[in-house]
Every structure is written in structure tokens, then in C-alpha cells.
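The same chain A turns up in both complexes below, where it pairs with chain B and then with chain C.
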Partner chain A sequence: MGRPAARLYRALEGLFAVYKPPGVHWKLVRDTVETNLLRGLNGAPRPAPRSQVKFLPEPCRDNRVTLEASVLPVLADHPLVAGPQFQKLRVGVGHRLDVFSSGILVLGVGQGNVRLTEMYNSHNTRDYTLEGEFGRATDDFSCHGRVIERTTYGHVTKDKLESVLAMIQGVNQKALLTYSNVDMRSQEAYELAAKGSLRPQSKSPPIITGLRCLKFAPPHFTLEVHCVNETQKYLRRLVHEIGLELRSSAVCTGVRRERDGPFKLQHALTRQHWTLPDITQAVHCSWATWTGGEVNTVQLKKKSSTFKTQTVLARCGTKRWTLDMK
Partner chain B sequence: MLVFAAVALSPLRALCEQRVERVASGGRRWLSRSSAPKHPKEERRGGPVFQYAGRRHRPKHKVFVWGFSYAGALGIPSFVLPDSGRKKCRKHQYTPYRLETEHQISSAACGYGFTLLSSKTLDVTKVWGMGLNKDSQLGFQVSCHDRQKSYEYVLEPSPVALPLARPQETRVVQVACGRAHSLVLTDAEGVFSLGNNAYGQCGRKIVEEEIYSCSAVSLLQVACGQDHSLFLTERGQVYACGWGADGQTGLGHYNMTSHPVAVGGDLTGVRVQQVSSYGDLSLAVSQDGSLFGWGNSEYLQLSAVTEDLQLSTPRHLPLEGVGKLQQAACGGTQVAVLNDKGEVFVWGYGILGKGPNLSEAKTPEMIPLTLFGRSEFNPSVRVAQIRCGLHHFAAVTDRGELFVWGKNVRGCLGIGKPDDQFFPWRVTVPGHVLDVACGVDHMVALVKSLT
Partner chain C sequence: MALSSMQMCRKCSFLLGMRKLCVELQRSSRVLCTVNRQRSTIFPHSAGVLRSLRTPPCARETQLRVCAFSDVHPTALPGQVSRTPPIHPVDDQDSQAVDASKQFCDSVGSPVDLLSLVEHRMPLEDMDGAPALSPFEEISEEEAIQIQAQPAMPPVSISLKDYVEQSETLQQLLLLGVDLWKLEQRPNVGSMLLRLDFQMDVKERLLFLKDVGVEDSQLGSLITRNPFILTEGLENLKARVEYLKSKKFNQQAVASMVSRAPYLLNFSIERLDNRLSFYQQTLGLSAEKTRNLVIRLPRLLCGSLEPVKENLKVCELELGFHTNEIQHIITTIPKVLTASKKKLTEIFDYVHNVMGIPHVLIAKSPQILNSKLLRIKERHLFLQYLGRAQYDPNQPNYVSLNRLVSLPDNVFCSDVALASLEDFELFQKTL
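Moving on to the complex of A and B:
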């Protein structure tokens, strides 16, 4: 019928990425994934119920009561008594995405939640694609906000946009050096700066490590941003500030996360694939992504089996006291 | 919360405030915030549309100054003499500060405690000077109290009177400043020199206007060393005059020269495209990209070709691995060159730009371009100009960013702190930097706004 539920449960330890559609709260995504995983686990074959030997009285022909041994299943293991086998699953969320944004959302399950903390502490960069539109400024910097001002944008050219992007990159480059917690007067600072590998290793404000314009078709434009320690509202505000620098105004029409650490968009599962078999496979593959090697079943950590598989005792002694096991 | 984001925000906040003022003064009605929620379609259609920049909007040209202000070299009088009793004097300006000028400044030069700005206008006033004027390096600045005396310190950019024959037909091309003298190069009337002539650096025995306008030799560039002057003609010939105790005049002797004499040595027959000097060393870059040097070599600047401490005639410097050179710049103890690929090489003594461990180098050391902003996002960033002050360097990239490094003498680097900088650091200047002039303890940047 399939692998037993316990084995499937043990295989669910690690990280995987889902694609969060826009307009959906991240918690709803997490709850849906957890519900689907539990449904899949509880649909898998349960372990067979434990058996017990019971000595039941049996009336004899000459009015004497004798005890006859019979093997019966334990009632406590009946599904209607015990309930579903799995009722809670520890599914954690990595760097969150707000309601307006879409893109890759890293989730962790079981022991993978420890990996989430490691990812957070490693301060790795994330890639976003921002879509903007010139001509309007709103109060929450997105296209759904209340319009504060409308401006012309006929004077905006790609050269002007690129010079503004270069200015923003230069400012952020300096911030990167300042927050990297290295003494600027040391040789180490020079060597790290020359290699370009200075990164903030602790809490810092949002810093943009790379910014470029992918498409420019006024009033619409698309930017690619690589950043660290950011929030999506900060990125929408970035689009607004670019509009101000160009003596016009801009709103953000879309924020999409393309990469979070080692997880890229091609690793993300869409809504149709938020099921147990797909997520198990994604967790399997993410070990390779995390460790950077090929997936090898021998290398996978296996917990020691505490759950003894019970073999159904063939004999079910009496004809009268059998119970139907569903 | 967001410390450095305020850097990006503050010009924008100022722009927002400007915008409110402009709207208020223009008489347009601000969009009123009505309490009733509007239908989104109505909002899109209705309401005024503001125009902040028309089709013919051009970027503005600005001047930024920073460094030591007490000599008046920054041109902002309130730093030295505060407007109100409550304010304090500002001795060091650690970050770039906008200097308001009426005309668009095309050339700037920083001397030892003074600054000259020039514009390509055809008006009568073309050059402005501020700072130290004890040797009349800024010309005669008539004092209000006594018309026979000149100001010793000029705190504001004041016009420098030039005795031009046809003032409304001549344009000033370039200015250069040395320790106590300055040179002004015009397009039709030659070079004018001002200031200290104790060593003949102003070449004043012979009147310049007559020589250059009669012999029809027009000049491409002038450069001032500490107490000597270099002139580069259109045909690539270099002339020098002034103090020569270190051989910086390159005329074969170590005496003073009081009039410009053609420089020979390895430069005979060579077409020079650029000369540079600020201390006691002189450098020339030829049209085919080779470097010639003469003068002081106490700090290994000319060690490629000689072990002597001074060279009195120009010698060709055989440098390896630098490629075809485009620009050279030298300060008091260090040298920097720029090749046609936009790479910067440094050598000499002092803070050279490769960390605190490299304090002297005999051979050119390249500074990695990642420090100037080259990355996978911007793979083609290169340095467009290189300048030297007495103890520091400045580089302008082709994206209009200014990078400085070296000794931070009285805040001259403009990085916001008084510490020395051991590798190239970006200076936050609001705009696209076109040119920069380095002095001993102050700098001036000519900037164009981004949009």
C-alpha cells in the first residue's frame, strides 16, 4: 500500500522552498503546508495494532467454565480510540514575505528548523525582482495604496535611471564596508575590500549589494536587487525614492523574491505540489543544495528506530471475539 | 533606525520640502485629504499632475569643497567668522559642502591654503580666488579700509583681476596653483602668473603676453609644483621655470630660473600630452603612453631609472606592467599613474592605497578595481582621472564617483572622519563628479547633478 507512516515522518527532516503567491499571508501558506503534510501522513498505513493474549471464559458441555486463550488486538490502538496518528508537525518559516510580495519562501520541518536559525545567522544575500511604474506616488509605496501625488515622467531616460542606480549602489557599498565590523585601518580590511567579500556579520540596516535595471519601458521598469537584512517594505520604498531622485514619482507594482540563500526559484514548489510526496522529495534534494554535494541515501542522517513494527499475529483464536480492524 | 539610508534620504527629504514650497508658491492646490474614501477609478482620473522637470531640463553644475577652512580656502566665510554669536567656527569640514557660485565653474585648482576657480564665460570676471593671499597669489584684493592695501586672507570667492587686452573675447581654459603662486591659462592671450616670484616661478622677467601672443605658441596645460611652474605647449613641448634645487625644472642645473626655458633631456623630440607636479617632482606623459620624470627622488619616485636623490634632466621611466599611460599625478612623496584600461598604479612612500602594510614601493603596484566599484554587477567600471594632493590621492571613475585615500590632513579627504584612509574610499558627493582639485589640506570638486 505504500511506506508506513512512521518512515515517511522520519524522512521529513530538513528545509524546502515553496512559492508564495501574492495576496496571501505567509502564515496561511505555512498552515496549508502543515495541514497537507499531516493529511498525507495520516493517510499512510498505520502500524498494525498491538495484540494481547486474553483468557476468556468458555462454557463447557458439563456446566464447567474453562478459560481459553485467544489473541485479540488492543483497543487502545484502534483509530477511533487513538485518533489520527500525527496531529502536529513542526513547520517553521525562514525569512518572511509580506502579503503584497511573492516568491520563494523557505520552510523547515522537524530538525530542519535548526537549519533555519543557521540560515538567519549566516546573513546571506537575497535576490529580488522589483517592478515599478512611474507617474504616481502612494502612501504605502505600492500600487494598491492611496495616491498622494501624480507627476509627469516624460523626461526620464534609461541613462538617468542608471546614474541614480549607480549612486544608490555607491552609497550602499560604503555602508557595507562600515557595517562589516572590521577595523578600517587594518590590512585585513583592505584585503577583504579588494576581494569584494566584505559582508555584515551581525545586525545591520538593509544594505543593497547589487542593483541593476533589467527592463525600461516607461512608465514601467524592472529592477534586479541583491540585498541583505532587508524587508519588502524597504524595497518598495526604494522604488519610491528612485522616482523622487528622477524628479518624478514611482510606485512598486510587484516584489518577487528569486533567491534566498542557496534556494533558487527552480527549487520552489507551487501550490499544486504542496503534498507529502513532493515535499519529501524537495527535502531530500535540499540536503544536496545545503551541503553542496550529491544526494546519497547512506549519508542521510537516520534516527534510530524506536517504533517497533508489530507483526500481525496470524492467529486470531476464537470466532466470537474477533473485532473488525479498519 | 536606518542610519545610512538617511544619507540617501536627506537630499530626497530636502527635495520633498522644496516641492512643498514650490507648490505653495506656485499657487497650485495640494491634493486635499478628504475623509470620505474615493473610488480608485476616480482617483486615477482626477487630481492635478505635477511637472518637476520638463523635456529641456539640464543637470546643474555645482562646486563642493571640504578640508581645512581657517585660511579661507573653502570660500565660506561663516566657517571662519560665524554669522551669529551662538554659532561656532568650523575648523575642519570633513564632508563635501556646497559652495554657491554665480557662474558655472569649469576649472578649479587648490594651492597651499588657497583656491582658484575659473569659468569659461566671456564676462569681465572669469577667475575667482579665496584663501591665503599674503603673496598676492590671488591678485590684489582691494581692502575696504585702505585702498592701498590688499587683504591677506580672502574668505569668499572674490574676482581676480586679469590684465587682459580683450577681456570680452578671451576665455580662461585652466588654472593651476602652487605653494604661493598661481598660473591662469587663457585661450588667446597666453598664461598669466600671480604671486610669489622669489625663485622665478612666475617667469616674470619677460612679460608673458608679449611672448606667447607674438610667437603664436599656444599652451595646452599649465602645472604648478611647490615653487616651480611647468608649461605644456600645443606641440607637446614642455617649458619650466622657478626653484630648481631638486632639479625639478629639468634644465640640467640646480639653480633658479626666472623665465620659462624649454626642457630637454629625454624629452627632446617627444610630444607630451600631460604634465603634472605638486611637490618637488615633475612628471610628463607622452602621446604614446610613456612616462618621463625629473626632480626630487628621495622617496623612490624615480628609482626605476636612477639611485640618485635628484634628477636634473628628464629621463624616461621604464615601467613594467603598466601598459599605455594616459595620466600621471604626483604629490609630495608618492606617484600615481593611470593607463588606458582605467587601472591605477602607485609607488613612492606614504599611504599608497593597498592597506597599512604597504608604505613604500619602488615599482608600480596596481590597486584592484574592485575597490573602485567593479563587481559582477558592474564589470566595466574604470578610473577616468587621477589627481594627487601633497599626501593623498583622488580618483574619479567613469560613473562619476570620487574615491580618495591617503593621509587625512586636517580633514582634506572629506570622508566624514579625521582618520587616515589606507585604501580607496568613496566620498559621498550628491551628483556626478566631473573633476576634482587636491590641495595640501583641502579639496574642491566640480559636480554635475544626476538628473
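Moving on to the complex of A and C:
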């Protein structure tokens, strides 16, 4: 006898990360995970069917019919009539990945969906690895699109690439300060900036918080990007624009997400492991990550920081410096 | 049925000289209740008939409720009511009434219709007009025992759960292993099942399927997938099986075909013949090979021919296979004919253009067209990363395409890639 399905389901509620292969839509990933979970849950033993007392006629001696009271299971509770215990699950998807990109996709089951919203509101950074190729430009910035331009790339060196990256990072750093909604002249802002945990507090355009070149072997190059509120299309466009800045052109051959908030690559489940026991294990691990991990502390700090800043300002009697929030 | 009742109404009214009523009756859809009321005035006996027929109340109620579930006007259920065997022997009054109605019919015409009419209408009249059994009437012990007090069934329901306890058909189907919860989701199937009578309709067909050679364990899944085989005419089913046998399919083949393609026996002989000749002529196969093809994938005979034609064109023009190569591919993997053409072209594109495998090799091991693109991609890239992606049979360290796609992950890693499963999973995370 295994555990009943309701208990299995309760152990399943929470967040976990899967590794989305390239070329597959995120919805297909979600549906596959849901189907596998349903199969696992419905394989669990069912509760015993209700029973009812029935008076059945029973022929006995001297041809008289008597009624016999008998306890029978209710037919409506038969598995073939009642159907599976779980017909669908609430499986929510965190920050999406489009078809051509791969990497970590965070999924939530049941009550875990609440934490997905929390994760969205905490504006975590995500890490990406971008594969680029110099020499051509396409209409959708990926290597699958229609080629609209071909260029030479002999003049591109690693130094030039890095200077362009530094320039982009500088621009984004400025935008980050603008959107982070913290008083720039406060001690709190200094501390946050020194730790590198400044975040936009509300909706913002995509902001890159870190950018570096991992590998440079023309025409191929690899970038590592840390960013907030991005889309995969924005990242491909970034590669395109780096190409233009270098007086050449570039397409993005791969976008791969290596971290989404507290979820790292080693936590992600590959296709073979999208089964009930493995996912339950991953959800269990993610609770540990969540309670002791990065996300919660960052959120707390943010709340306390705004509070402290305001009190400090009030005590000093200075007029609050407002940011230009356009 | 409706027409004959109309005729009868007209004649009744003619007898009674009630022309006005006749017009009304023609208009109203509930012709028959009123007719019954009329008749009870004509025949003093028929009130007695009603009373005697009322005695098994639960059976009648069941039928009425069934009508309600099926959401069809009671006139649509001629067969069922008349078929239910009367639990009590027909008493004298009843037979008198039937005789009387026969005489009436003879004078009026169409005796069969009227007879069935009398029988159908009883339950309705039972509910409507006649007074209930007096609570003071004495009944014997025997009768008292046979009265079954069952909870009333809901008149309308979205699920078959409410009817399982009372319906014999559903109970027997349940014992066979039919997934009733799947069937109730299909439109009109629930009411169709409730209308069937197990002894009359279902049993014969089940015995027939057993005669064909379908195994007991397969019957449940067969009916789950095709419940309409229970309403198909038995002569038709027999004729179709005979047709298949006349085309030299042996008993076992027919049995496996019927259980794997449940809709096979619901299609007409012309259609089956058309399909068989199409496959034989278009693919240019011999009779024996066509038979093998159809036995391996019997749903070829059920489905539309358009996608199959498209797939053949895709193989010929887009993928560029020769006719004999197509023949070979199809006889080894018949599923290629029903696969999605988008999937076929994607896989072929990757295998031919990226992995660089010529047509001849693909035609030799067509299993690769049946597998998943993602699987091929991952394994090819892993082998390439390890430096083992060598698909030319003339070179050393040759990896056959069949082994590439058909082995499970752990065997692939240990035998083909000579790496550990953990390495393969880590590699998957870098794609």
C-alpha cells in the first residue's frame, strides 16, 4: 500500500525547476509535466468505496423467496465509473522561455502558484548564456530568421567587444538607479549598491545588471548576462546591437537560462526526470532553498530599506529627493 | 411511427366525429397521450390494462427517467419499452384488451403499429391519468417481496454514475471493463448506452465479437473506444467480417485488427474495399504485402486517405525517396503513412542535412523517421561532443541509426556512447 493520492498531492505543492530543451514550446513542457504528475497521482491507491445495505431476494427451500440483507460497495464509486481521482492539476509557469531558447523554467503546483506571484513581484535577476555569431543579420535576430545582411568581422577583437559590453553595462546601470526607487543620497542606497542588490521596485523595461564575454573565437562568441524583466527577444536584439556597435553584424544562435532567482542549473530536472517521485523530491529541496535562500532575505531588506530611508530623511528634515520616473 | 399515429388519430376522430380535436392532434407533438385518453373512453377494458401493467413500478420509472436523461421525446423510444419483459404474467383483462385493440386495428388498419402504440403509451398514461393503488389494497407476501424500493433516479444528469445502480446494461459493461467515465464525456453516448437493452442488443454483439476472436480482456477497451459497435446491425458486422475473410485475412489477423482498430467493423464493405485497393495499387504492393501492411496498422482502413496521399507525395517529392525505397520504408514502418508530414520533414531535414546521412541509409533503417526529433538531436550532439558520431557503415566505430534511436537512455549511454548516464544528463543541460 502506497500513500493515498491526497497526501502525495500535498507533498507536491510548491515550486520546482525543469530544464526546457530548445525547440519545444513552454506550454508543451507544462502539459507534459501535468500529464506525468496526473499519471503518478492516479496510480496511487484509492480510498475504499462507500458501501450500502441492499435487500436482495434469495430463493431458499420450499420455493419461497426471502430477502437477504447484504452490504455491497456502491457502484458509482467504482474506478471505471468515477474516473481518476485527479483530472487536472493547477500547474503554473514562472518567467517564460520562448520556443528557441532553452534552460531553467520554474513551475508551481497548487499552492505553489502563490509563490510564483511572489517570485514575480520580487524582481529577481536571471542569468543567461547567449551564443552569438558574427557575419550576418536576420530579421528576427536569431539564426533561423531570414538573412537581411552579410558583413565582414575580421576587424572585431576581444578588446573592442569588451569595451562595447562595458558601455552597455554603464547605460543599464544608470537605468537601474533610476528604476530602483531608492534615495541615491542615503546610506541605504550606498549599501545596496555596494552589495549589488539594487533592483527595480516595480515594472520596468529590461535592465541588464551584469554583462561579460565568456568566450571569443570569431565568428562565434559567448556572453553571460544577468538581467531583470527581460524577454528572450530582447536578449537576441542585444546580440544584434552589439554586432552593429562593432561595425559588423551578429545573430544569436542560442539563448540559455542558467539561473532564475534562487533556482540554479543543478536543481533543474531533465526530461527523463519529469515523474512524480523526482518532482516531489525537487519541490522538497526548493522549500529549503526558499526559506533559507536569497529571495526572502532580499525582499525583507527592501522593505526595511525604504522604511529606514524615510525615517532618516524625516529626522534630518531634508526634502525628499524624487527620481524622474519617466 | 409518427405518420402511422397520425393516421390513427385521424381515423379515431373520424369514428368519434371529432374533427376539431383531430386538427389539434395533428398540430401537437404530444399526440399519443390524448389518443390514449380517447381510447380509454372507447374501450372500457383498457383502464384495466393500465392498472395491471402498473404493477412493476420501478421498471417503468426507469424507462421514463431514461427518456428524460436522453433528452428525447418519449416517442423516440419505441423499441425499449416494448422489449422489456413483463415481470408479472399478463392477466385476463390485459389479453382481452389486446384482443379488443386488435379488432379495432383490423377495422382501422396497420395492426402492428397500433399494438406497439398501446404498449408504449402505458407508462405515460400510468403517470398521468389512472388513480394510484389504494393503500388499503391487500397484497400477498410474494408480491411484497418483489417490490423494490430504490432511490429515484435524477431525470437529468451529466454523469452515468446516477444510473449505474439501476441499469443492467451499464453494470454488465462495467464488469467487462468499459471506462464509463470516458464514454459519458462523449456527446450522446451516455443516452445511447442507457437506451440499450443488455439481453437483446448488447449480448449478441459481444458474443459475435468473441466469435470473431477478440479476447475477453480486449472487449472493454474496444467498447470504450467504439461504443457504437453496440448499435451496429449484426448482419452488417457479420458481412464485414466475411468480407475480410474472403480477402484471405485469417482468423487471428481479423481478431487483432478488430481489437486494435475498433471502428473497423463500423465501415461499409465498399469503403473497406476502396481502402484495400488503394493501398495495393498506389504503393504497388503484392496482395500478401498489402495484407501484412493492413494487419500491422489496421487503422489505415478506418481513416481518411487524404493525409496518406499527402505523406506519400511528401516522401516522393519533398524528401526525394525512390518508389522502391518508399515501399521498403512503408512495409517496415507503416506508421510513416499516418505520421504528421511536418514531423517527417523536420526529422528528415535534421538527419539528412545536419547529420549528413544519405537517402539509402535512411531507407535501410526507417525506424529513425518514427522517433522523436528531440531524441535524435540530443543523442547526435552527445555523440558529436564525444567524437563518436560516425554513421558510415564502411568506417570503423560505426553507429547504426536503429541503435541510435531505439535504445533506451541507459543502454545507449553504456553501449553506444560509452559514457555514464549522469554525463548524458549534464550534457542535456548544456543544450
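Just so we're on the same page, the second predicted complex is superposed on the first by the 269 of 326 C-alpha atoms of A that agree within 3 Å, B and C clash if a C-alpha of one lies under 4 Å from a C-alpha of the other, contacts with A are read in each partner's own complex, and residues count from 1 in each chain.
Simple rule for what comes next: a residue touches a chain if its C-beta (ideal position, glycine included) is under 8 Å from a C-beta of that chain, and two chains touch if they have at least 3 such contacts.
Bear in mind that the values here come from a model prediction, so they are computed numbers and not experimental data.
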Applying the touch criterion given at the start, work out whether A:76 contacts chain B, chain C, both or neither, answering first, second, both or neither. second
Looking at the overlay, does A:67 come into contact with chain B only (first), chain C only (second), both, or neither? second
Of the partners chain B and chain C, which touch A:102 in the superposed model: first, second, both, neither? second
Now for A:114: first (chain B), second (chain C), both, or neither, which partner does it touch? neither
Is A:167 in contact with chain B, with chain C, with both, or with neither (first, second, both, neither)? first
Partner chain(s) touched by A:28 [first = chain B, second = chain C, both, neither]: neither
Which holds for A:196: it touches chain B only (first), chain C only (second), both, or neither? first
Specify the partner with more touching residues on chain A, choosing between chain B and chain C. B
With both complexes superposed on chain A, which partner does A:53 reach: first (chain B), second (chain C), both or neither? neither
Which residues of chain A are in contact with chain B in one complex and with chain C in the other? none
In the complex, chain B residues that touch chain A: 1-5, 7-9, 11-12, 15-16, 31, 43-44, 47-55, 57, 354-357, 368, 370-371, 373, 375-378, 399-401, 419-423, 425-426, 428, 432, 450-451
Help me check something: in the complex, which residues belonging to chain C touch chain A? 142, 145-146, 160-162, 164-165, 171, 174, 177-182, 373-374, 377-378, 409, 425, 428-431
The chain A residues in contact with chain C across the complex are 19, 21-24, 57, 65-67, 74-76, 78, 80-84, 102, 256, 265, 268, 270-272
Chain B-facing residues of chain A, complex: 146-152, 154-155, 160, 163-164, 166-175, 177-178, 184-187, 189-191, 193-196, 205-206, 210-212, 226, 234, 241, 244-248
